[in-house]
Every structure is written in C-alpha cells, then in structure tokens.
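Here subunit A shows up in two complexes: once beside subunit B, once beside subunit C.
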Partner chain A sequence: MLKYTIKRIIQGIVTVWFIATVTFIAMHSVPGDPLTGERGMSEEIRQNLEQKYGLDKPILEQYIIYMGNMIKGDFGISFTQQNRSVNDIIREHFPVSATLGILSIVFAALGGVLWGALTAIYRNRLPDVVVMFLVIFGISVPSFVIAAMSQLILVNINTSFGFSILPVAGWGTISHMLVPSLVLGLGTMAFLTRLMRSSMLEVVNADYIRTAYSKGLPAQRIFLKHQLRNAILPVITVIGPAIASITTGGFVVELVFAIPGLGRFFVQAVQQLDYTVIMGTTVFYGAFLVFMVIIVDLIYGLVDPRVRLE
Partner chain B sequence: MINKSIALKVSNLHVEFDTYGGVIKAVRGVSFSIKKGLTTAIVGESGCGKSVTVQSIMGLIPKPPGKITRGEVYFEKQDILKNKKINGKDIRGSKIGMIFQDPMTSLNPTMKIGDQVAETIQTHLGLSYSNAFKKAIDLLDLVQIPDAKQRASQYPFELSGGMLQRSMIAMAVACRPSILIADEPTTALDVTIQSQILSMLSDMQKENDMAIILITHDLGVVAEIADEVLVMYGGEIVEKGDVNEIYNNSSHPYTLGLKEAMPTNIKGEKKTLKPIEGSPPDLFRPPIGCSYFDRCPVAMNVCEKNRPETYEISKDHHTNCWAHHKYATNSFK
Partner chain C sequence: MTNIVENLTPLDFKRVSKKKKTTSISRPSLSYWEDAWIRLMSNKRSLVSLSIIIFLIFFTLLGPIIWNVDPSGQDLDQLSSPPGADRGAILVEAYMPWDGLSITKNNSSEGLKDFYDLGATEYINVEGFPSTQYVRLSWNKIIGASGYRIYRNKFDPGSDNSLGLPMADILTAEEISFEDRLNLEPGEYWYSIAALDSLGRESNQYKKIAVRVSRAISIPEAIEKGIITQTSQVAIGDTIYLKFHPLGTDYLGRDMLSRLMHGARVSLFIGVLAPIFFVILGVFYGSIAGFIGGKVDQFLMRFADFVVALPFLLFMILFKIAFGIGPGESGVIPMLLALVLLSWPATARLVRGQILQIRGEGYILASQLLGAKTYFLILRHMIPNTIGVILVTLTFAIPSVIFVEAFLSFIGMGVVPPTPSWGSMCNEGLQTMLNHPHEIIFPASLISITVLAFNLLGDGLRDALDAKMRSKE
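Take a look at the complex of A and B:
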C-alpha cells in the first residue's frame, strides 16, 4: 500500500511537471506578451520592464528560472495586478473555489448514488422514468444556462415572497453557497446517477445477492451491505475525473454568481496573457487535481479489497 | 424402503417466466416429497427446471419475470408459498439452507468471509456481532477450512474455490437447518475436492437428521450418496423413487437414455456412450402429450396427444409413461 502510494505520488509529480512545461510552451507561442496593449509605452520603458521581469532573456533560461522558483513554491508576481504575488492570489481566492467545488462534488456524489439506486429499484416504473428524463436534461444543458435559469427563478421566488429567501449572487454565508454548488454539481450528479443505476441493475442480479436472500437477511441489510456497497465501486472510480470537470465548470459558475473564486483570475489572466498568473493557477489546479485523483484511488482501495494488495 | 417422516412436500408446482420472447413454462406440475435424514437427488439435462424448482421452494425466483402460477409447498404443516412472511427470515437461512453452483460468484466480493457467515447467525440467532463472528470461525473450522481464524478475516478473492464452497456450506448450515438444498455444489470444483465436500455433507446430514436436496449432473454421485431420485424432463418429473429402483429398474425411456448417455465413475465398467438424439421440448409451447414424445424410441400414438398418467412400479417408485398402461403395444425394455 505504501509502495503504491509513493509510486502514485511520483507519477503525480511528473504529471504536474508536464502540465507546467506544456503550459509554458503554449503561453509563449501565443503572439504578444503581457506588455502588449499597454498604451503609450516608450521603447525604453518596455525594455526596462522586460528586464525587470526577465522577459529579455532567452526562452530556455526563462523556463529554467521559472521552474526553479516554482519548486521553491514561488509563483512570482502578477504582471497586470500591481504588486500582487500569484501566491497571494491563490491563497486568498482558492479557498472560495475549493469550498464551492467540494460542496458540489459531495452533492453530486450523494445525489448520484441516491437517485441511481432509487431508479434501479423502481426500474421502468414512474419514479425511474421521471428521474431519468431529468438526468438527460442535467447532462445536456450546460451549467451556465442552468446557472442563469436558477438565478431567474430565485429572483421570482424572492419577489413573490417580498423578502430574500436565498441570495441570487455573492458569497459569504451558507445560503450563498447553496444554489451555486447545486448548479455546479448538477451535470456531474446526472452523470453519476446513470452510472449508479446501471451498476445497481447489474448488482441486483448478481449471484451473491441471491445468496444474501437465501440466507434470509433483512431487506435493508441486503440493500446496504450487499447491493449498495458493490454498486458504488464504479461510481468511485469516476469521482476523480468528476472533480476535474466540476473544477473547470466552476470558472463559469463563479462568474455568473459573482463569487470571488480563483476561476475568475484564471480566465482574466488568459485574456491578458498574464504569464505568471496563468502558470501559477494552471500548475496549482493541475497539482490539486492530480492530488485528488490519488486520494480517490486510495479510497477505492479501502472500499474494494481486491485492489488493496497491489 | 426406509420409512422416514416427510420434511417437505411440493405439490403440483407450476412456474412461468414472462420474457420478451414469450412465456417460458419452466416447471409444469411438479410434485414430490423429501424425507428427513435422506438425500434426494434431482437429475435431468440442462434447462429442465431443476434450479427453478428448488428456487421456488426458497422463494428465490426473481419476480418479475418469474411467477409461481399454481401449486403448494408444505413445510412444517404450512403452505410456505402462500405465507410470504414465513418464507422470509423465518425459513430461509434458518430452517432451509442453500448452496449454489459457483462459489466464486456466490459470495459477496467486498465482505469478509467471516462476516458473511456471521451475518446469518446474527440475523437468525440474535447474537452480537463479536459472538457471531466467533461462532463463524468455529463453523469455518467445522467445514475443514485450515487456519479458520485467519481465513475469516479474508475476502473471497483470497480463497480457493474449494474453500469458498466450504464457506458457503458453513453459511448454509450455520443455523442447523432441517433441509439443505445444494444446487450443483461441486460442478465448479475438481474431483478430489468434490468427494471431500460430498462426504462432509453426508456427515452433517447424519448428525442433524437433515434432509438434502442435491441437484447434480453426475450419475456416479447420485449412485453414491442419494437415497431417492427425481428425474426431470422439460419441466416435469418423469420418474421418481428409490435410488436402487431408478438404477436397476429404470421405468422411463428418458431415464434409460440418461444412463446410456452419461459416463459412470464405477471402476472397471466400460461402456460406449450413446447420446439422446434430438433436443428438449420448446418450453414456450410445451407439448400437450408426453414431453419426451419427439425423442422417445418407443413412442406410441397415444403419447403424442395425451399426458401420461402416473404408474406405480412399486411402492417407492413411480413413473409417467404410457408404456406401463395395460394395453400398451410397446415396451421399452
């Protein structure tokens, strides 16, 4: 188990290095640089700035310097936001994004397992048909549409009650978090529902379920210990990728709900070619996702004894 | 013949499956009784309804698509098909235990062996988890699993097929059931393990006066350990009775055909195998006369349109074949 964990961590580090390098190359191949577009900049000032930020050095040297700093945990200073270090930006805004993301994934996983199990039990009956219709809706409608729609509905509810039941946008309290995380998790939940449903349908016909019945166990025990536990395995394997899709989906939802998360800085930085912020946020997100996938794999090992030994 | 009291009586059982292709009439009017302390073997070719028959007794027929359309199963003076409550916790696993063909897939892959045995004990005997687990270890020891204590904390994938089937037996007999149903318990195992397991079952039977229903394709095994035999064909019982009678005085052409088609394990005996030509009846549209009519070497006109009556060959031996009618023109011997 320990050997496996260490192996996974080393793999993860290589992945992050790869992400950093590809981002670096892509970023520098885009025409222009962070100083383009600054109005009325004389050649002299430009040269001074380039020197200050090290942009005048050969690209390979820039790469080595950057990687060196990154290993020390220093992502540099933002080009466009005066005197703000990328580390500060991440430190300040990532917790917001993480809270939103974690709430969404918890919501998506719980909902997916619950709805999936329910639809499997009510297979081809009304609850199944209704939920599966909503699932198609949830998978096919993009989250920014659902985000805008939910805001519209919230506004209508709030006005009809005459006071604010749930805030339409902003951040700070639990009530602010509720709707955005639901919206953000919805697509993933729909996807997990489908997965859980088919997995559950397979499990209920398994030989060991027949054995469980033949032992005269109470229905509730058969459901929890024998059906649910085994049906959940395929769902856990996709939680890693699901976290990735929720993270990227978060950029849009943060924008719509005016949430001060990291996503906004990322999008802005790309538009302005703010080299350090792009690199910093990309590498940070990359490392975060790789870390989450490792965690999920380790959890899978706990749930499924068959992969524990490897 | 041994006179023993009846442990379970099945009467006129009919089971159907409603599938996309139509209604499969898997079991059609099966009646038999099994006796305490004896082993009743059910034989017959694949698809003839052996598993469906015993699963109906246990209430394990998946509904839908399955449906028990007619019949009764009497156990301890009650019709357990009618009384849903009895056929749950009160009978399954406690008074009737069951083991299945494939031990590799019949155990929960994510649950410790010991826990799987213990949960039966917990459910029926009301023991605490830790006491049930201790008792589970004793049971695993009883079914001759080496290092039972360590094995109890392992998962199914860490055990061999033979050990898994032993664990299944431990689960099935944990509450000392009066009936044990074994649906091809040794088909997936190699021959040496097979005989060990069968002799272990016989030992348990003697201790508890347990009735065993054994489904098998191996006539050698039947000859060795069965007391009574039910021969099934196309969802019906065509011949039933004492094992010696069935072997030495086979009174149905299908039984004869089976004997000739199957290799025996009896030493020194050499024979050329003779397959039964043709195929089993279409269970979507079962024949109105004798099910075996198409393949029967001695079929008569009467067999095509009329269901054979039951004839008593001797007190413990019955068969459904027109050849035993007093005006029969053909005799198959």
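Take a look at the complex of A and C:
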C-alpha cells in the first residue's frame, strides 16, 4: 500500500512536470508576448521591461528559471495586473472555484446515488421512467444552457414575487452558491444516476442478495448493507474524473453567474497572453486534478477489499 | 467379434447418399452486420434518433440552398424580432428636416400656448404621424420655466417617477418642440417633459404622454432594401411587408434560420470530423502499442496517460490560441487540431485493450498455426472484432465534441465572429435573453436535440453491435 502510494505520487509529479512543459511550449509558440499589447512603448522601456521579466533571455534559460521558481512554489508576478503575484490570485480566487466545485460534486454524488438506486428499485415503473427521462435531458443539455435558463427562470420568479428569493448572480452567501452548484452538478449527476442504475441492477439479482433474503434479513438492511454498498463501487471510480470535468467546466457557470472564480482569470490571461498567470493556473489545476485522481484511487482501495493496490 | 466381420457384406461399404441430411438450419444465417442492423431497426429510440440525424444532415446541407439568406446580412428594420412578429410597415414620405416649433417675439400666433400651465389637459401634442422614422412632440410653454428636459421610457412612469432615458435638454423656454429619432422600435413609448429653472435644475413636476409608434419606411428606402421595385404601384400610407424571417432575427438583425443552418455547418463539421480524425489516430496508436507490446507498449501508454492528465478545457483554449487564427479565418481548423491532439488517448487505450484481448484468443493461435500472416490476422480477425467498439466510440464522441465546440464558442474562444456556430449564437443570445428569449432558445435546443440524438443512437449501436457492452434494459 505504502509502496503503491509512493509510486503514484512520483508518477503524479512527473505528470505535473509534463503539464508544465507542454503549457510552456504552447504558450511561447503563440505569436507575440505579454508586452505586445502595450501602447506607445519606446524601445528602451521595452528592453527594460523585458529585462525585468527575463524575457530577453533565451527560451531554454527562461524555462529553467521558471521551473526552478515553480519547485520553490513561486509562480511569479502577473504581467497585466499590477504587482499582483500569481500565488495571490490563486489564493484569492481558487477557494471560490473549489467551493463551487465541491458543492456540486457533493450534490452530484448524493443525487446520482439516490436517483440511481431509486430507478433500479422501481425498474420500468413510473419513477424510473420519469427520472430516466430527466437523466437523458441532463446529459444532452449543455451546462451553459441550463445556467442561462435557470437564471431566466430565477429572474421571472423574483419579479413575480416582488422581492429577491434567490440572487440571480454574484457570490458571497449560501444562497448565492445554491443555484450555480446545482446547475454545475446536474450533468455529472445525470451521468452518475445512469451508472448507479446499471450497477444496481447488476447487484439486485446477485446470489448473495437472494441468500440475504432467504436468511430473513429485513429489506432495509439488505438495501443498505448489501445492495448499495456493492453498487456504489463503480460510482466511486468515476468521481475522480468527474472532479476534473466539474472544476474545469466550472468557468462557464462562473461566467454566467458572475462568480469571481479562477476560471475567468485563465480565459482573460490567455487573451492577454499573460505568461505567468497562464502557467500558474494551468499547473495548479493540473496538479490539483492529478492528485485528486490519486486520492480517489487510494480511497477505492480502502472501500473495496477486492481491489489490491500494487 | 469375428461374427460381425464375417457378416459384413460389400453393401455396408456403399457410400451413403449425399442428399441425406443429418441436421438442417431452419433459418437463414445472419452475418454480424445483418444481425446488428435488425437489432438497431427494432429499437424505437435509435430509429427516432436516426431520423433526427438524417433531418439534421438535410438541414445542414440543403438548408442554406433552399433558404438562401446571407447569415451575416443585417436587416436593421427588424432587430431582435421574435418569430411571427408583425412585419407590416407603413410607407411614408422621405424624411424631411423639421425646424420645430418655438415662440419668438414676433411670432405671436404661436404665443397663444404661452398661457397654458402644467395643469392643462392637452399639454403635449404629437406633431405628424409618430413612426419609427421620427416622433415629433410639441408642448405648451410653462410659465417660469427656462428650459425643458425630455425623457423617454418603454413603460408608464407611474407613481414612482421612473421617467426613463433623458433624451435632450432644451435650454430656452421658447423652444417648445422635440424630435426623437433615436433607435425607435415599433411599440409604445412614454415621453415625459420636465421644466428646468434658470439654473438648469429640474422641477419635480412633469407631464407625460403615451405615443404608439408604428413601423414606417420611406419609398426610396424600401426600394433600396429591395422590398418594393421601382415599378411597384404603391402610395404613401400603404402597408408593405418587410423581409420574412421564419425564426426571427438576432440583436443585429441577422436571420436566425440562416444563422442556425450555417452554424450547423460549423458545429456538425467539427462534431463529425474531429471524432473521425482522433478515432483513427487512436486506433493506429492503440493497435501499434497492443501489437508490439513490451517496452514500446509501456512507453506509448505512459505518454497517453500524460495527455489524459492535461486539464482538457484549459488546453483546448491554449492550443487553439497557439495554432493562431489568421485574418478572415473562422477559427474552425485550430479548434479541430486542438481537439484531435487532446482526445485520441481514450480510443487508443480502448483499442489497445481490445487488441491485447483478441491476441490471446484461441482462434488467433489456431489461425497462426494454419500459417496465417500478420496482415491476414489484422484484416480477418482484429479489425472485424474491434470495429463495433470503435464505431460505438465514434458515435459517443460526436455529441461530446459538439459540446466542447459549443462551450468554447460560448465563452468566446471558439469560432470568430461573424461566423455563426450554435455555441456563439447561445453566447450572443445570453446578452438579450431577458427581452428576446428566442435568440438563445433556438440554438440551445438545436444543440440539445443533436446531442440527444447522437447519444441515443450511440446507445442503440452499442446494444446492436457489442454483445458484451449490451445494456441491461
């Protein structure tokens, strides 16, 4: 177990290095540099600025310097936002994205497991048909459409009541977080519901369930201890990748609901070619995702004794 | 023992008649594909989704030929008009400048109005015919006022004095008229006039008037826009009909139907081509890894793992920018390249797994023992046995790519305006969503329907083609 964990962590570090390198290459292959956009800059000022940011050095040297700083945990200073370090930007805005992401993951996982189990139990009856229809809807409608529509509905509800029941946009209180995280989690919830339903159906007719019934266990206990616990395993494996898609997919929701998350900074930084912010956010996100997947895999090994981590 | 041998006659060694059948097949044998086809056709959901997809293909390919309207052409008379909106316009004279009304010292006949005050009923008058060409107002001079401020609103100011947009300040008391030509749309407007004192302060009293504005067009304009011809028999006051937009127009007056059709070309072009490319790439990569095995396999699959670990959407944006968009290009090709570069590993893993599995099967060994060469193994066994899985992957990849394209265009990182795509149309529709919901509803529902159709078809294909993955319905 320990050996496996160490191996995975080393792999993770190599992956993060790979992400950083690819980002660096892709970023520098974009024509222009962060200083291109500045108007009326004389040659001397440009040279001075290039010297300050180290842009005058050969690309390989820049790479080595950057990697050295990154290992020390220093992502540098933003080119476009005055005197703001990338670490500060991440420290300030990542918690917002993370809160949104965690809330929607919790919502998606709880909802997915619950609906999935429900549909499997009521297979081919009304609840199953209704929920599965909604699931198809949830998988097929893009998150930005759901976000926009829910905003439209919220506005109409608020105006019809004459006061704001739930805020339409913004960030701060629990009531701000509710709708965006529901919207963000909906697609994943639909996906998890489907997965949970099929894995539950597999379990429902298993031999050990029949045994449990024949030895006279109450249905409730069978459901919780035998069915749910076994059926939930495949769901846990996809939670890792789901975190990935939710955290990066979050920035559409951030955009629509005007939430000050990290995603918006990334889009802005790419447009302005702000090297340090691009590198910082990508590497940070990449590392976050890689280690999330590792943690989920380790948890999987703990939950399912059949899986041996080697 | 000996008895039996002795009892044998030459008759026993006669050949049995060929016609005598021991077993017979009661039904015609079906090939894999025939079986899959029958399964697919018996699945109602996949039939429905297949017909939706066929309709979409017609919509995309033939649509712009039948409905030949420029997707970037603007119809400035009909901005954000919903489908089924009134297209009537009244023909009016060409615009003539208006001097307005004023009370001058030597114009005493107009000076009659001088004696009205704010309490008078007929305080504001509409001069001429209020239309989208102009709205002309005149009012009675307010005693003690040294100027006026004119407001315009879409709603009745009501009791809370929401007068709306300040249109103009008139700084002399003598000028008692105002002409509004600012972005008039057919509908009702509320104009309010408040008096200003000598210091330019506004009094809290105001007078309002509701003006019903009709759409108007002058004959030269109508001819220029091709609504009527030089020879048409029309007269001032006739109602003519503006260009027909079956699904309305967007906020720049562009035809929605035409934009949806051209947008479908972008969305489906990427949606179909990108999966084909990255699935082919993945199949090659995966089969090379699976076939060669050993160190090469390990190295190749480790690299695939790295690519999987890249945060997908961030790198889509980064790569798309890195490939660059020249002036006048639509940005479709960089998006396609970025998608192919980032999406192949899933297919590669799948195909490698399949190849490894098939390599261990008995029939491959048997075939090898019979002297089969590698290319024969690939053509006869590997490809037919994996093509079903590949086809299913392809079908499921299409909706996810359409999603990605829509997502990127939605955040403004996709196609470059004015090229329409469903995602960018949603983005534009979001801005005007509260007043003109049709601008987001049409592209959004088209995306959803397309994604739904491909998802259902993928389900159906999986059930039909792959016995192992068959879902337990």
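Note that the second predicted complex is superposed on the first by the 307 of 310 C-alpha atoms of A that agree within 3 Å, B and C clash if a C-alpha of one lies under 4 Å from a C-alpha of the other, contacts with A are read in each partner's own complex, and residues count from 1 in each chain.
One rule holds for everything that comes next: a residue touches a chain if its C-beta (ideal position, glycine included) is under 8 Å from a C-beta of that chain, and two chains touch if they have at least 3 such contacts.
Since the structure is predicted, the reported quantities are computational estimates derived from the model, not experimental observations.
Aligning the two structures on subunit A places subunit B and subunit C side by side, free of any clash. The larger set of touched subunit A residues comes from C, when the choice is between subunit B and subunit C.
Judged by the touch definition given at the top, the superposed model places A:221 against subunit B, while subunit C stays out of reach. In the superposition on chain A, A:169 makes contact with neither subunit B nor subunit C.
When the two complexes are overlaid on their common chain A, residue A:244 makes contact with subunit C while staying clear of subunit B. After overlaying the two complexes on the shared chain, residue contacts for A:305 are found with subunit B alone; subunit C is out of touch.
In the superposition on chain A, contact is made by A:212 with subunit B only, not with subunit C.
Of the two partner chains placed by superposition, only subunit C is touched by A:252; subunit B is not.
In the superposition on chain A, contact of A:27 is made with subunit C only, not with subunit B.
Contact with subunit B, but none with subunit C, is seen for A:229 once the two complexes are overlaid on the shared chain. Put simply, if you stand at the Cα centre of subunit A and look at the Cα centres of subunit B and subunit C, the angle between them is 100 degrees to the nearest 10.
For the pair subunit B and subunit C, the minimum alpha-carbon spacing after aligning on chain A is 12 Å.
According to the touch criterion, subunit A has no shared surface contacted by subunit B in one complex and subunit C in the other. For subunit C in complex with subunit A, the residues that touch the partner chain are 305-306, 309-315, 317-319, 321-322, 324, 399, 403, 406-407, 410-413, 426, 429-430, 433-434, 437, 440, 444, 447-449, 451-452, 455-456, 471-472. Of all the residues in subunit A, the ones that touch subunit C in their complex are 15, 18-19, 22-23, 26-27, 29-31, 136-137, 139-142, 144-145, 148-149, 151-152, 155, 198, 201-202, 244-245, 248-249, 251-252, 255-256, 266-267, 270, 278, 281-282, 285-286, 289-290, 293.
Across the complex, subunit A meets subunit B through its residues 205-208, 210-218, 221, 225-226, 229-230, 233, 303-306.
Of all residues in subunit B, only 58-60, 62, 88-94, 97-98, 100, 102, 105-111, 119-120, 123-124, 155, 157, 168, 171-172 touch subunit A in the complex they form.
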